[in-house]
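Chain lettering (A, B and C) follows the sequence in which the chains are written, and residue indices restart at 1 in each chain.
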Amino acid sequence: MPQSLSRYRPLLISVAVVLAFFATLSATMEARIWVSILLSGLTLAALYFLLASGLSLIFGLMDVLNFAHGSLFMLGAYAGWTFYTNPRVIFNTAPLFLALFAGLGLARWTHLLADRLPRRGLGRWLGLAVVVLVAVALLTLGFQAFPLDRLVAFGTTVAGRQVATAEAQEPLTQGLTRLVLLFLAGGVLSLGVGSRDVRQASAGPTSATTPSTLRAVGLPAVLVGLSIVLLLVRDAGETLMLKGLPSDLRFLLALVVGAATGALVGGLIEVGLIRPLYARPIYQVLLTLGLLFVFDQSVKAVWGPAGAFMEIPAFFNTASDRCPSPDLIAWLSDHCNSIMVLGRPFPSYRLFIIVVGVLLLAGVALLLQRSRLGIIIRAGVQDADMVQALGINVRRVFTLVFALGAGIAGLGGVAAAPFVGVNPGLALGFQLPAFIAVVIGGMGSYAGAALGALIVGLARAFGDYLVLTGVQLPGMSQALKASPTVANASTVLIMALVLLIRPSGLFGKKD
Amino acid sequence: MESTAPTTQRPVLARAGWLQRDGLLLAALAVLALFPFITSLLSGEAVDQGAPKFFQGLLIQMFIFAVYAMSYDLLMGYTGILSFGHALFFGSGAYMMGIALKHLQWPLLGAVGLVIVVAIVQSLIIGVLSLRVHGVYFAMVTLAFAQVAFLLATATDFRQWTGAEDGLQGIPVPALVSPTDNRLRFYYLALVFMVIMYLLARRIVNSPTGRVLVAIRENENRATMIGYNVFVFKMIAVILAGVFAALAGSLNALWNLNATPTVLGLDMTIEALLMTIIGGVGTLIGPMLGSGVLTILGYWLNATFGRNWLLILGVIYVLLVLFLPYGLVGTWRRQSARFGPGGWRELLRRTRS
Amino acid sequence: MSALLSVEDIHTFIGQSHILEGVSLQVDRGSITALLGRNGAGKTTTLKSILGLTPPRAGRVVFDGQTLNGRRTFDIAGLGIGFVPEHRAVFRDLTVEENLRIAERRKGDLARKADFIYGLFPDLKRLNKLKGGQLSGGQQQMLAIARSLVPDNRLLLIDEPSEGLAPVIIEQMMAAIKTLSEQSTVLLVEQNFIVASQLADRYTLIDDGRLVQTGRMADLVQDRATIHRYLGAA
């Protein structure tokens, strides 16, 4: 028993602090006020957790601190919002990316060609330069005069609730030409990106050739087929999407789109950019910081530097004369914007965010504890080499976990959008508290990420309240007030405190 | 932390005399000193007008960034400390200079003193807190601190001091160093500033302290076991880099006559990284060269691609990290080391055959 | 007898240092071969080179007719090579059962081998729900060996099984290795010469990353001079 007691000491200390905190609260504030602040804090904590959990998992397993994690959150938000307001966008954009991925999937073939390229010296640079130039040229051609602005620039208004109307499309042949060009671009890129890894994987005369050939042909073929089909059913699909989808279903699909965007982009980042740099860990970090910058700029280039609001789906936003709902049971039938909590209305959508956070917390915990993948992840955190020596392809697990963390971040972005809107500031705005959360909780610890997110979320909510109402210490003639920005900045004080007392964080094992 | 840079030993050059060693640098300095007059001759315009004036402006910005990038490399390249919060020092220097001149109405020297004192205090606080963690963890913590400084600069609470989102505008710069009154004078001021800072930095990295810093970069545990107080030496590096960056920032405030939140932003840290990586990690000349490349590249990209030039810059950065990790100077030295003196000639010969 | 594994003049670098400067060895089917040498001779690196954890830059590794050079570790292990690393590297945060389950290469491996494994190490069944980190040194070593027995491995690479264990436990360990060697071939790295000499049929002696000699264990036991020179006291 004493042994397990010392094991849980950080947890016990934090519980004690939280209890003391609430004791002070109930002594100094009315319950209905602090409960409402508490719920706001939990909303933020849920969103921070969706970022912090991925950061922590990825760092724990592969020692990569992903500075672009907030960008994945932001990309998820933008993708989900775009789909939600304009679902037809998927028929115009998805085929292009599918074609590009199909081309990248050719790596198993193109590496034969890549092997012929000079391996070192100026020849290698020239080869690389040619590959990059040809790929850029194909990409430029493929996206040339793509009506991007028409696809993404639609009402930034919330009020109308209208969905973009079906417009005249570009001719089908033009769409198909784009597919071909992007497929080729992907093929050329595969020369530069995955060749080294593939070469290693398929080296050796006896490695089972049949399944890998099947995959080498099958995957790109399926992707190409899918992209063509999507393009062909474009008009019918759009009619369905535009006319037939209620906002709730669109929102549900938007969550999926956001998560898928995050996971796909994350997976690609790991395979294409981070994997070549495992021997140079510092450069991985430099790279992800660069990606943070690149995504920030791309979002500004595609969607514009100004942000937009996202309408709350009808499920959480139905107006009626019975609103706000007096309690949760009543809410289930009238879906009001707000629910009364101890006599104060609280937005029902924010409760949904808390539910999403709790569900994912439990879901990922279950995955870690119960599934084979979870066992492999927990083992890999300790010793990835040994996991590899058991015959498990750890690289693939790395990619999977990276995509998983990125997918959760993307989902979080969509969930956050109706609450905070979409704008380029989302990336750093949410990454910073997530960083502080993992520093507090301890890098690489899943429970730590959850606890850290909780602490930072609550601190933000109570900080906001305190700076607005003002803090009056004994002996002060006037209450000290400040702007929410100061409350936001002051969460870093908690991080400073943790660094002073326990640099490895509450649950941290790694330094 | 793994060593991120090639070693700085230059056996070939070390043997040569000072003229041979620094000849190239002196020539470059001479060109820079005569630059206003050369452009004036070439364009046929007066030194303080038109094209010459414009290019002087470009170079002034480059000199300021050169010192800023060099200060970053003192940390990253020489000590092996990866900081993502360097903008904090640059920006604070700019704001302190502005506050001292505009609100406190101090003389210039007093303002410079304030900049240095604040930079040292900041470095001490950041160092004590952040040096408790290592590697990427340090990067994350410093990024958090810098973002907080950025947030505070934009906060409305301190509007009378910082100007909040608008920034501190209209800094009353003393006539002696005013870039508007006499740009040519400011050009030489910036040039002299860069040269002095470079000589100082070179003195530092070649001193025993500098060698300890490199030892820490190469192997922190070994440095500890030899008996160095690693924490103190890292602290020295953080303070030096902080003061250098703050001075560059204060000159930037004089040059722009303002200090806006952007000088504290993440973009500013990325620029330091970009210049250091373009030029070469672990060298002093590299980052300065990097600032030149970045200034010219930025100007050209901005003119060519307009609004999206920063996106292109970001992509270039990513490609550099992937394919040219040692930068221009680092790669050149590696090639020279491989082929001996005249490395590039040899390399060209080989590729031709 | 034909060789299941043959290592031909491999050279391995870690960073810039040349660790193996020409190591060759053969492991015959059904035998226990001991890889001997003093501390730092390159024994562990040899095992890691076979597995591709530290891939050799030159030379060849052939397992059952297949060249292993250039293949990735998981792929090599998947051919039927089990690894029991030194320092009893079990997964501390996994339970004993999870430590075994993670080694499954096909579903049901553990169920199929349970009787054999628990027969060999009865303690493990009792400790099933404990975390790896809570086990004693001897129990961890048993778990590490048990883990390598879960899939059908044809070759086991066992690194320093007796290190830091009490004599009674070493006895048990030796008995277990004897038993499992009836099913798979073993390449054993062992500092304790008495243990090695009782278990192994053949030996390969390396020093400073180079092959010294190889032969029958029975012959080496007689060769006091060699033992003294390369293995210190014996």
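Assume a residue touches a chain if its C-beta (ideal position, glycine included) is under 8 Å from a C-beta of that chain, and two chains touch if they have at least 3 such contacts.
Keep in mind that this is a model prediction, so the values were computed, not measured.
Shared contact partners of chain A and chain C are absent; no chain touches both. Chain centres here are means of the Cα atoms, and by that rule the chain farthest away from chain C is B. The distance from the centre of chain A to the centre of chain C, with each centre set as the mean of the Cα atoms, comes to 43 Å.
Averaged C-alpha coordinates give centres for chain B and chain C that are 53 Å from one another. Averaged C-alpha coordinates give centres for chain A and chain B that are 33 Å from one another. By the touch criterion stated above, chain B contacts chain A in their complex at residues 1-2, 4, 82, 84, 129-130, 132-137, 139-141, 143-145, 147-148, 151-152, 154-157, 266-267, 270, 273, 277, 307-308, 310-311, 314-315, 317-319, 321-323, 325, 347, 350-351. Residues 200-201, 203-207, 372, 375-376, 378-379, 381-383, 385-395 of chain A touch chain C in their complex. Taken in their complex, chain C has these residues touching chain A: 51, 53, 66-68, 70-75, 77-78, 83, 85, 89, 91-94, 98, 101-103, 105, 147, 151. Those residues of chain A that touch chain B in the shared complex are 65, 67, 121-123, 125, 128, 132, 273, 276-277, 280-283, 285-287, 289-294, 297-298, 300-301, 428, 432, 435-436, 438-439, 443, 482-483, 485-486, 488-489, 492, 495-496, 499-500, 503-504, 511.
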